[in-house]
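To keep things simple, chains are lettered A, B, C and D as they appear, and every chain counts its residues starting from 1.
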Amino acid sequence: MNLKQASIFQAFVVTLKRDLLIAYKRKNDIVNPFMFFLITSSLFPIGISPDPSRLGEIAAGVLWISALLASLLAMDNLYRADFEDGSLEQLLVSPHPLYFLVLAKNIGHWLVSGLPVVLISPLIAYMINLPQESYSVLFFTLLIGTPILSLVGSIGVALTVGLGSRGLILAMISLPMSVPVLIAGTLAIQETANGAPLAGYLAIMGAMLLGSITLAPLASALALRISVN
Amino acid sequence: MQRSEGQEALRVDNLFCERGERILFQDLALVICQGEVIQVKGPNGSGKTTLLRIVCGLHDGYQGSITWCGETTREHPEDFLSSLTYLGHHVGVNKVLTPLENLRWSCGLRQETDDKDIYSALEDMGLKGFEESQCFTLSAGQQQRVSLSRLLLNQSNLWVLDEPFTTLDADGVKLLEGLLCKHIDRGGAALVTTHHNLGVPGLKVLELT
Amino acid sequence: MWLWFAKLGSPKWFYDVSDRWLPWLAGAMALFMIVGVIWALLFLPPDYQQGLTTRILVIHVAVAGTSLAFFPLMAVAGTITLVWKMKLADMVAKNAAALGAWFSFVTLATGSIWGSVMWGTWWEWTDARLVSMLFQFFLLLSVVALRSAIEDTDKAAKACALLSIVGCINVVIIKYSVEWWNVLHQPASPLSMSSDNANGPEFWMATGVMIIAVYLFFIVSLILTTRNEILQREKRSQWVQDIVRAA
Amino acid sequence: MTQSIQFSSISEFLDMGGYAFNVWAVYAVFLVFIFVNLVFPIVRRKKILREIKKQSVFEHTDTDSTD
C-alpha cells in the first residue's frame, strides 16, 4: 500500500459526508427539529388568538423564535454521540486543524436540522398569516440566520458535551447569544414591511454570518479540547 | 529505562501531572525507540489512561516535555499526529454506520483510503461478511476489531493502544499480538496498556504506581 | 516540582499582598461610601424634572457603571487562564462571575425602582440599557451555572474561561444590537436614563464619589472571596497550614 | 456652589419628596447587596479555616499513629 496523506479539504469532505450519512440513517435528526418547529409555531395561534390580523403582527417573531428553539433542540446531537463512542477523540488526534473539521460538522448539522426548517417556513408563514410581502424576507433572513445559530450554538454544545445535566445550561448559554440574530431577523421583516430596503439587513446578517464562520468554530474547537480533557 | 539499538522515536521527560490534589506522575521519563513495544502496567487509578492521553495531546494538564523525532509535540503536533494511531477506551465506532463507513471516515481523515483496502483490512481482522452491517448489530469484540482495522489501514509509526485486549476473544488476542509483532518488525513503535501478558519479543514494561 | 507551583501566578504572593492592602482599601471604601451616601441623601438638590429621585440614580449609575467591568475582567482572566494556565486568574474569575451577577441584578432592581417613578412602570423594554443589562445578567448566570456543573476544577476553569471570552464579545454585540432595535422601535418613554446629562454638576460629583465607593467595594469583595478560594485550593500547602495554625 | 441640607425636618427627610418607598427601597437593596457581599466572605473564611484545621488535625493523628 502506498499511502497519500489526505488534504485538509479531503478531511473536511469525509467528515461532512459521514455526518450527513449518520443523519440520513437516523432519520430522527432530520425529522425532529422540523416537527418541533411545526408544532411550536402552531401553538401560538391557539395560545394567543386565531384572529388573522393579530397573528400577522406577531408572525415574524413567532417564526423566528420557533426556529431558534428548534435549532437549540437539535444542537444536543451535534457532538454527544461522538463524545460517547470515542469518535471525538479520533477527530482530535487527526493531523488537520480542528477548525475545519468542526466547521464541517457544523455545516452538516445545519444542512440536516436548519435547512429543512428554512424550507418549510413559508408554509407556516402562510398558516399564521405573515403579510404577503414579507415571505421572501423571512426566507432569506432565516437562510442566513439559522447557520449563525448553529455555529454559535455549537460553542455551548461543545462546552457542555460531557456534562450530565446539560439541557438547561445549554439553553442559558446559547439563547442570550442568539439575541443579535433574532433582532436582525425580526427587524428585517418588520422594517421591510414598512418600506425599508432589504439589502442593508441582509448585509448586516451576512457580516454576522462571516464573523461567526471565522470565529465560532475556533471557539468550538477549543471547547471540544477542553471537554475531552 | 535502557536505550535499545533502534532510533529514538518518542521521548517523554520530567512529566508531572496531578489530578485533583493527588500527584499522578512526577519526574516520569519514557523513551520509545523504533521497533519497540512498551507495556504500561499499574493498578486502577495509577494514571495509565491519562499517560496515554497526555502523549496523544488529548490531555494538556501536564508539565514536562514530550518530543517526537526531536520536535516537541505541543509546538509541532502535525508531524506527530500524522504518524500516530490512537485507539482509546471507547472504540470510536459509530453504531448506526457500517464498519466500512466508519473506516472510510476515520482513516479518510488521515490519508486517501481505498474501499478495496478497507475490505481487505476488515477481512484480515476476521470481519468478512460484516462490512455492510450496522455496527450496533456487532458484538463489543467485533467493534473492537473494527477499531483495530485502523492499525492496518493507517500504517502509522506509533501506535498508542489503551486496553485493546479487553473485549477480544482468544483469536482476537492472537491476531493483535501478531499485528504488534509485524509492526515492530517494520520498525514501528507502540505504547500499550494492558494487564494481559503480551507475547511480543523485546517487550519493555513501565510500571506505574 | 516547586517550579511548577511557582509558575502558577503564585496565590501566596496575592494572599500576602492583599493582606497588607485590604485594611486600606476597606477603609477608603467605607469613607467614600459614607460620604457618598450622606451627600446623596441629604445634600443633593432636587432635580427640576426628576425631583428627589436623583437619589436613586446616584446608586443606580454607580452600580451599573461598575457592572460593565465584569465581562472584560473575566475575559482577561480567562485569556490568562487559557494561555498561561495561571491558577490565580481563575480564582479571581470564579468569584467575579457570581459577584457580577449580583451587580447586574442590583442594577436591574434599582433601575426598575427608578423606572416605576419616571415611567410609571417597573419594566420598560424601550430602555436599551436595561434590556442589555438583563442579557448580561443571564450570561453571567450561565457562567456560574457552567462552573457548578463541572466537577473537575481544572476543566471548569478552562471551560468558564472560554465562555467568559465568548460572552464578553457577545455582550458587546448584544448591547449594540439592542440599541439598534430600540432606535427603530421609537422609544415611547419621555425620559430615558440617557437624559442623565440633564442633571447638574452636584449630581455628577455625588455620583462620582459613589462610583469610586462602589468600585472599591467591588475590589474589596473580590479580594475577600478570592482569598477564600486560595485557602481552599491551597489547603495542602505549608503556608496555608501555618495560617490555619496561627488563626 | 453651595451645599446645604435639603430637608428641614426628619419627617420631610423620610418622606423624600413623596418618593419615600422608591428611594428607601433602592437604599435598602444597596445596603443588603453590600452587606451580603462583604459579610458572607468573612463568615465563609472562618468556616474554611475551621475545616482546614479539622482536616489537618486528622492527618496529623494519622501520621502519629503510624509512626
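Some observations on this one:
Everything below uses one rule, namely that contacts are C-beta pairs under 8 Å (C-beta built on N, C-alpha and C of every residue); 3 or more make two chains touch, one makes a residue touch a chain.
What you see is a predicted model; the values in this text were computed from it and never measured.
Here A-B and A-C were compared by C-beta pairs in contact; the pair with more is A-B. Distance from the centre of chain A peaks at D, each centre being the average of the chain's Cα atoms.
With centres taken as mean Cα positions, chain B sits 36 Å from chain A.
In whole angstrom, the spacing between the mean C-alpha positions of chain A and chain D is 45.
Mean C-alpha position of chain A lies 32 Å from that of chain C. Spacing of chain B relative to chain D, judged by their CA centroids, is 56 angstrom. Residue positions of chain C touching 2 or more other chains: 154.
Residues of chain B in contact with at least two other chains: 61. Residue positions of chain D with contacts to 2 or more other chains are absent. Chain C makes touch with chain A in their complex at residues 82, 135, 138-139, 141-142, 145-146, 149-150, 154-155, 158-159, 162-163, 165-166, 169-170, 173-174, 177-178, 180-181, 184. Listed in rising order, the residues of chain C touching chain D in the complex are 33, 37, 39, 41-46, 51-53, 55-56, 59-60, 63, 99, 102, 106, 109-110, 113-114, 116-117, 201-202, 217, 220-221, 224-225, 227-228, 231-232, 235, 240-241, 243-245, 247. If you check the complex, the residues on chain D that touch chain C are 1, 3-7, 13, 16-19, 22-23, 25-27, 29-30, 33-34, 36-38, 41-42, 44-45, 48-49, 52-53, 55-56.
Residues 56-61, 77-79, 81-82, 84, 86, 88-97, 101, 104-106, 108-113, 117, 134, 155 of chain B are the ones that touch chain A when the two sit in their complex.
Residue ranges of chain A in contact with chain B, taken from their complex: 1, 3-6, 10-11, 14-15, 17-18, 21-22, 25-26, 81-82, 84-87, 89-96, 101, 225, 228-229.
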